[in-house]
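Naming follows writing order (A, B, C, D, E and F), and every chain is counted from residue 1.
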Amino acid sequence: MSQLAVSDLGCRRGGRLVFSGLRFSLEPGEALVLRGPNGSGKSTLLRCLAGLLPPASGKIAWQGNAVADDPDAHGRRLGYVGHQDGVSHDLSAAENLRFWAALDGGGWPPSDALAAFGLAEIADRPARELSQGQRRRLALARLLLTPASLWLVDEPMAGLDEAAADAFCALASRHMEAGGCLVASAHGELAIAAAQLSLADYAVADGSDAPW
Amino acid sequence: MSQLAVSDLGCRRGGRLVFSGLRFSLEPGEALVLRGPNGSGKSTLLRCLAGLLPPASGKIAWQGNAVADDPDAHGRRLGYVGHQDGVSHDLSAAENLRFWAALDGGGWPPSDALAAFGLAEIADRPARELSQGQRRRLALARLLLTPASLWLVDEPMAGLDEAAADAFCALASRHMEAGGCLVASAHGELAIAAAQLSLADYAVADGSDAPW
Amino acid sequence: MSASMSAFHRLANPTRFLRLADALLPWSAGLTVALLALGLYLGLVAAPPDYLQGDTVRIMYVHVPAAWMALFVYTTIAAASAVALVWRHALADVIAQAASPLGAGFTVVALATGSLWGKPMWGTWWVWDARLTSVLILLFLYLGHMALAHAFDDRARGARAAAILALVGFVNVPIIKFSVDWWSTLHQPASVSRLDAPAIDPLMLWPLLCMALAFMGYFVSVLLVRVKAELLEARLRTVRYRDAGAR
Amino acid sequence: MTRKRRRLVALGVGLTLLAAGAALVLNALRDTLVFFYSPTELTAAAPPNRPVRIGGLVEEGSLARDAGQATVRFRVTDLTTAMPVEFTGVLPDLFAEGQGVVVQGMLGAGGVFVASEVLAKHDETYMPAEVAEALKKSGRWRGTDE
Amino acid sequence: MVAAWLAIARRDVTLALRRGADAILVLAFFVFASVLFPLAIGPYPAILRQIGPGVIWAMALLAALLSLDRLFQSDYENGTLDLLALTPMPVELVVLAKAASHWLTTGLPVTVIAPLIGLMFEVDGKGLAGLTAALGIGTPILSLVGSVGAALTLGARRGGVLLALLVLPLFVPALIFGAAAAEAASFGLSIVPALSVLAGLLLVSLALAPWAAAAALRQALD
Amino acid sequence: MVAAWLAIARRDVTLALRRGADAILVLAFFVFASVLFPLAIGPYPAILRQIGPGVIWAMALLAALLSLDRLFQSDYENGTLDLLALTPMPVELVVLAKAASHWLTTGLPVTVIAPLIGLMFEVDGKGLAGLTAALGIGTPILSLVGSVGAALTLGARRGGVLLALLVLPLFVPALIFGAAAAEAASFGLSIVPALSVLAGLLLVSLALAPWAAAAALRQALD
């Protein structure tokens, strides 16, 4: 029984079917990189795997149990970073992380997570004053706060410089060595040993607009 | 006399001096790619070149004339795309471009610009329903609407798929063949013949906070 | 403007200002104390009671100078703001921001003494007439100016925003001044600052002018101290950053 | 248009607007914001069924107190029209015949203004009592009780 | 230039209508809050008639204030303001276009609906005419002056508070003369003086507000 | 779970205070509004006394609405809401935390400052007591009911209209009984009936609002 198994999955976004018939499975310690042109549904798939978007068809299972049956448990085992950073501009970098740690901690302490992404020096600046890449680092640092076993990350490399990209890849590899799974989307290189999945293969010619 | 000449430039952001003593010059048809770690000041430099941020020191000249002397003329010769897309979510893709064309047109018609970035099919969708990369394409398509001679683009490749990245590089090369200049920041590859400038070389150890 | 010129503006003037402030401060402070003592004596002891108001009139020696200063300080801020915006002169920003709380203080004093005086004279603490209302708006403008200047993480931005506000709000100053002439207010028209001779007896006028000068001296002295403190603090910041950078 | 020309045009338009606006305001100001109406205005207007304020001078010799009661009667005049006023309550210190006054209340039946509040209006002259006496004696008194 | 100006105004109106946040929400606030007064105070025609114009003006002011903090905010956050500053259009005209569309989506609806609300307050015909005329001239002042406040507080730490603190005192003259016009009308006095003061204020703010707001916007773009 | 709930409420209060948009704006709003009314209506104590409670309720309503459309909006736009939905905390409790912090930064300051404003309107002691009690019970209703509206309108094409159309009618009962309490008090009648209706409304909205808002939030996250 695989850790994460997806069968025959189809997703609808804004009333249009984006892809269908998608299937893959991951064992503990494995990673999957989603590929595909813009608008092919990588983000949609990640949201669906996270439980933020109900699937239009098919099933997502964790250790054999459908995740829809216990969304809370699924939420607890997840670390999700979407296109949007989920950073409050009026809080400082450290305050942002401390908030998430208070809500759902148990992993690294916030200060260590900041340091892991080279943000220790600017921990006390309001997030509105961070550069694009610094804010992205902050979003990724959130992954470390919980002992999540499944990381879902949308274009982790976008906006990161080389050092931060290396740091992320190293941390992701460590996560997988510890038995974690990773599903990430990417357009360019991603220095992580991973299977590749091309969303274009599952595209729906013209996503019908009818919800029934 | 170069087209764009920058001498001894220093820039302040949020009261901190980010870099200083920067100098470079571009001839017609030349491109420059800004490199440097997150927070090294690439975006700051681009904003400064656009005239959105007054320099803390130094001078920016276009064909020998300081751009600060005639900001309007500078605005007219510019095409600027920052980290933020400048896209109104409540307008459709086509409406967004038509608005900018009405304000400051004279280049490609909006529908051609959409087509150049493969957005023709989704032209009538509200921008809020576009994927990350589709929205980024829309922002870049704005560059084509005016006959600008200087393109300033912040991380053009971020979020673009291969096709879109190629399209941008091709369009940029065409722009330069026509005598245009380009200054772009990038973390990864950028398939454009260009000089490279590393912002890290001009970093200020710890920008002082005093306005005098 | 060349780079060296702007560097001159940035560095030389605050330095010169500091020197000037050091030279001026003892004089203005001394003068303030002397004038205040004299004014208080003249106003509270020497001046005769009014033929109508009796001794209540002595509130005038505080109310009127405070009200004048409330207007004067705002005018100063507006002028400094114009200088700061046009010539981007940092010292003018510092002056405008240092003056703002002082002006607000004077406005509060004018409002408070005015109400105190209004109860026995008019029979009410407060009415919504044009003079009183426009002074209240002046207080709000001062508060807005102070709040805006401190609302940004970047000081320079706060200073510029506050300067723009100060200029826009200046329209209120002539309204305050002429409200008593333009409208039928409960507040009296001008007694001193009028085209013909003052409608106030010399025995009462002199103490009033003396107090007015004392208030002005107080303003100048405190302003100098505040500006000096701000300049030194900025210098300290510079040095601290430079040291940190050198290490 | 060059930048300079455009700036000049903008400045010109701005200043014209400013001047026109200021002229309009200053020209119209006198009769607008009224803290109180004069008795003449109030008699001329339709009798308002609501509280208003009237202002003027307390007519010389019009003040009468009802014996044993706190009610006072006087007339407020703007030197053209005088309006009878009735008030029950505490009068301010400065209230006196010949002094300025602002009265709030309703115009009652029979043209009597029933006041709910009386405010004294003070003028801009300040002088010691002796000087006032001297002025009155010498006939150079320009005060309000003329 | 004119076409470009119209493009900005049209876009803002389109956006406001499409979001609905501004035009109709503001109108709903206005109607609802005004209607509350008869409910809360009870059916005393004399009092209602007297407070009617004042309540309507105060509500028009608050309605304008309500929609102000969104005047530049979303354009500021999504980078549109940067781009607008780089077009050949002077920033002053951009402000004017924004203020115009703000008025079209708040001041104008309020002015149009005000007579209806006045009727509920049993304001008489003359009073209604005075009120409507005053609102027609006075609400553009609110949009213009408000644009200065909205621009000044962009990116400020306490944006909302500041906006209220800065803008409401500057609204007061319009309020006073607007209410004075209605009062004069119901007294049977001429409303021309009050209206011409309002018109004068409008001209003055037309001259000063775009300049001040543009200066504020430029410094906000750092 | 309790600690996590407190973390959300604390963060929201922190954000509100840091932005200042909510807590202090409410106070500024009240002071200014109370200045606006005498200015607009004219300084007639008898009338001011009568409209005082109505004005204060109208302002409480406006203050609540003023901050409502930002209740979830920025969290929605920057992706925080996605993440909150994934935490172990049930979305219903997230809503409750948000409504609580909304009340702490709007309803509570309104209730605390209301007696002062009432004094400015020369409302008598009994009236003030009734007013304050009614506000204390009534303003949480506004926050709870408002959270449903705010959640429903997230990302909707005509968000603002919906917010107005859905929320305003739901506010009416609270307003009517709130104003009735103050009126009863100043007539010397018992305020208990009005207050117990308010308390009943509060319990009902406490039961229904989090559930409805959570459902709305879940569908907004698609």
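In this section, a contact is a pair of C-beta atoms (placed from the backbone, for glycine too) under 8 Å apart; a residue touches a chain by one contact, two chains touch by 3 or more.
Quick caveat: nothing in here was measured; it's all calculated off a predicted structure.
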item: Shortest path length from subunit B to subunit C (each step joins two touching chains); value: 1
item: Pair of chains joined by more contacts [C-beta pairs], C-D or A-F; value: C-D
item: Classification of the subunit E:subunit F interface as same or different, half of numbers criterion; value: same
item: Reference subunit B; chain at largest CA-centroid distance; value: D
item: Subunit C and subunit F: spacing of chain centres that average the CA atoms, whole Å; value: 40
item: Averaged-CA centre spacing for the pair subunit E and subunit B, given as whole angstrom; value: 37
item: Distance between chain centroids, defined by C-alpha means - subunit E, subunit F (Å); value: 24
item: Whole-Å separation of chain centres (CA-atom averages), subunit D against subunit F; value: 43
item: Residues of subunit E engaged with two or more neighbouring chains; value: 18-19, 50, 90, 155, 157-159, 161-162, 165, 168, 172, 176, 204, 208, 222
item: Per-residue multi-chain contacts in subunit A, two or more chains; value: 13-14, 83, 90, 129
item: Overlap residues in subunit C, where contacts from two or more other chains coincide; value: 127-128, 133, 153-154
item: Footprint of subunit F on subunit C - complex, ascending; value: 127-128, 133, 136
item: Subunit A to subunit B touching residues, read off their complex; value: 13-14, 36-40, 43, 83, 122, 129-134, 136-137, 154-155, 157-165, 187-189
item: Contact set on subunit B toward subunit E in their complex; value: 13, 47, 50-54, 72, 75-76, 78, 80, 82-91, 95, 99-100, 102-104, 142
item: Subunit C to subunit E touching residues, read off their complex; value: 85, 133, 137, 140-141, 143-144, 147-148, 151-154, 157, 160-161, 164-165, 167-169, 171-172, 175
item: Complex interface listing, subunit D residues touching subunit C; value: 29-30, 32-36, 55, 90-95, 102, 117-133
